[in-house]
Amino acid sequence: MNNASSNGRGSDAWSGSWTHFRVDRRSPRFCRVTFDHPPINTITATTVAELSELVGLIEQDADLNVVVFDSANPDFYLAHYDTEHDPGRTAALGVGPTGMHAWLDLLVRLARAPVVSIASIRGRARGAGSEFVLACDMRFGSRENTVLGQFEVGSGVVPGGGPMARLARLAGRGRALEILLVADDLDGPRAEQYGYVNRLIADDELDAEVAAIATRLARFDHDAVVRTKAYVDQVTLPADSEFPPALADFFEMLGRPEQRERSERLEALGLNIDSDLERRLGERVVEALPNG
Amino acid sequence: MNNASSNGRGSDAWSGSWTHFRVDRRSPRFCRVTFDHPPINTITATTVAELSELVGLIEQDADLNVVVFDSANPDFYLAHYDTEHDPGRTAALGVGPTGMHAWLDLLVRLARAPVVSIASIRGRARGAGSEFVLACDMRFGSRENTVLGQFEVGSGVVPGGGPMARLARLAGRGRALEILLVADDLDGPRAEQYGYVNRLIADDELDAEVAAIATRLARFDHDAVVRTKAYVDQVTLPADSEFPPALADFFEMLGRPEQRERSERLEALGLNIDSDLERRLGERVVEALPNG
Amino acid sequence: MNNASSNGRGSDAWSGSWTHFRVDRRSPRFCRVTFDHPPINTITATTVAELSELVGLIEQDADLNVVVFDSANPDFYLAHYDTEHDPGRTAALGVGPTGMHAWLDLLVRLARAPVVSIASIRGRARGAGSEFVLACDMRFGSRENTVLGQFEVGSGVVPGGGPMARLARLAGRGRALEILLVADDLDGPRAEQYGYVNRLIADDELDAEVAAIATRLARFDHDAVVRTKAYVDQVTLPADSEFPPALADFFEMLGRPEQRERSERLEALGLNIDSDLERRLGERVVEALPNG
């Protein structure tokens, strides 16, 4: 399928100089990606650029069956997006091969890739972090240590990376509306009950069980895996057209003066660092509201 | 959005002379509606007319973020429809702004309204009562005291207010078919397992927890709430065209001679009053069948 | 609707000489079908031919409300497909009234039939056995003794009988991908959690509770049952066009030389007989892989 990966040049690209995650190509069929962007694994323009490049490698690799995404930080899987006080950096990411903004583009391409993607979740995954795991094919969470949520509405904006499209299908209308509109944290048991994750695994067994699943998948016939996934994709993936309008809303609302004030208040309370605010963001996001 | 509500004249309308429920406009953003139509909160032509008017107010209120529907009767949330021996009163309700019969019209408009609707369920909600909660955005139920069901098929008719469309999406084909065709009561735990409600809350915490959720929603940016809901609406609400055929079937079947006999038998057994039949309707509905 | 069944000639057809299952027409409205094809209830070309004929009778019976499918073997509900070393026999089944291959045809017709079909599952239902229960309207499983799975990807092929289409809708994208791609067995509790079955029933109560459900359904107005099911069908059944491509993939992959080797290895390990391999097929299917 892809000469670069077939003739070995691909491995150079895989071991490239990633800065927000580490890549461990455990075998030709199995790759492990570990988010490692201290202090709390925020997603920035750099993360998006690196993930876009990684998804390109994943898409074009004729051997790879499975990629597992986990985190080096047990408290934060992927905190959420951080514009780093410079929305221009995010805007400058431009569009990807699908014609969509780089963030939507990489999520859509990952979901559609001829590879099984698994999110092995320990710690917090909110906002864009939640959007990332929702774009993975499967989600396994630590029973004791999983926090998922889309806090965006609580901070004044529309979630931009597709959770309306994806949660509506996974959790059904009522539960998706609760997750998105009440905008509070879900712990592991509620996330499992709502279909937000496939299922929970005891924290001390999570790594081993996900590795066993991935090792099993790595042994399977590549063509059987890819074709079967494609049939599920056809009836479960949202139409591409569902995504851009909400991201446009997100950017528009982010630029409003009152939203800048809310962001500044959240930063003053501890946003983007390992703080009590970040640990209880679902509950405390309301403190930045005008009547907070 | 709406001058009437923005300039204050709206509040006159809200405090109107409702007879089947009470309306408590707790704040500009939060409204609580309490069903109170003794003895068992049946839905009649009057209820439909009043709910239609209320939904009109909800739709046009530029301030309102959230409306909670609960019940003054702990045993009956909304029993079911009661034609009051005069189907003509129901027929005379006519069609609403969507062009659909008033009952379907108000449910469709509530689901689509730019306001979050929450059913706080304690007691029984069957038939049209179940159809009402299914049209709300979220459903929270008393863990100890929730009974949901669509008993219609057990009494000889097709459910007319859209539960095939809504339950199929919330519960999936297999569980929706069980609810609709076996037509028995579901207690809280099964309703939660099947996705019929978002989740259960201990009975003595239900009111406080739903109030906390509503109070939280009331603080949120109205535009963020409305736009996010609209994206979920786009991919989860049934097409309007799905509803009228089943209601037409319901009316047609209701008019059959054998159905009138079944209805008379159910009334003789205690339908529409606070009776053992009403308390165990899922189980006892079969007693009106020819071979009962 | 059908003269044969209405005038009594139908009962002759129902009591025909079935060889892979027994048919017990308990009443005009209720039929019980018990799979009984020792040693492990594999599905062969003969089973497909007999089921096709049975579905034809079900479709055309104007009286029948409900058909229950259970198994005479407590360890195997329906093991999976067995080509009996002669794929030509399966090919020779040809197409059914829908224009699809006989296997797809009978599943599609059963799902759409004006009769409620219930799978009462005790023991293993994998591969085509799982595909059969997924085509039934409702699935109830023994709490202690249910094993469901689609092991096909683990053996090198695409599942051919529609589980991508049906599981995606019942379990959601993430869980459907896990069932289909990880291709491992699910026990009862996980099958229930994922929506693969409606719910579990204690093993010693399963027969009685399913019989009670069927007896209740048998008493209901036939027209109310049929019309209500049809409304759910309209919004939950996959389009017919979703099925044939995956079956074509299945046949193509089955004919590959490496697949014949895998099948031979599985047979040597105990496929198609009551063996440890068959009892733990989800786990052991990997033993036939090249690197097994």
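Which chain is which? They are A, B and C, in the order written, and residues in each are numbered from 1.
To be clear about the criterion, contacts are C-beta pairs under 8 Å (C-beta built on N, C-alpha and C of every residue); 3 or more make two chains touch, one makes a residue touch a chain.
Just so you know, these numbers come straight off a predicted model, no measurement behind them.
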Superposing rotation of subunit B relative to subunit C, computed on C-alpha atoms, to nearest 5°: 120
Equivalent interface positions on subunit A and subunit B, same or different at half: different
CA centroid of subunit A to CA centroid of subunit B, Å: 36
Set of subunit B residues in contact with two or more other chains: 169
Contacting residues of subunit B [partner subunit C, same complex]: 152-154, 156-159, 164-165, 168-169, 172-178, 180-184, 190, 193, 238, 242, 245-246, 249, 253, 286, 289, 291-292
Subunit B partner contacts - residues on subunit C that touch it in the complex: 116, 137-139, 169-171, 192, 195, 197-199, 213, 216-217, 219-221, 223-225, 227-229, 231-232, 234-237
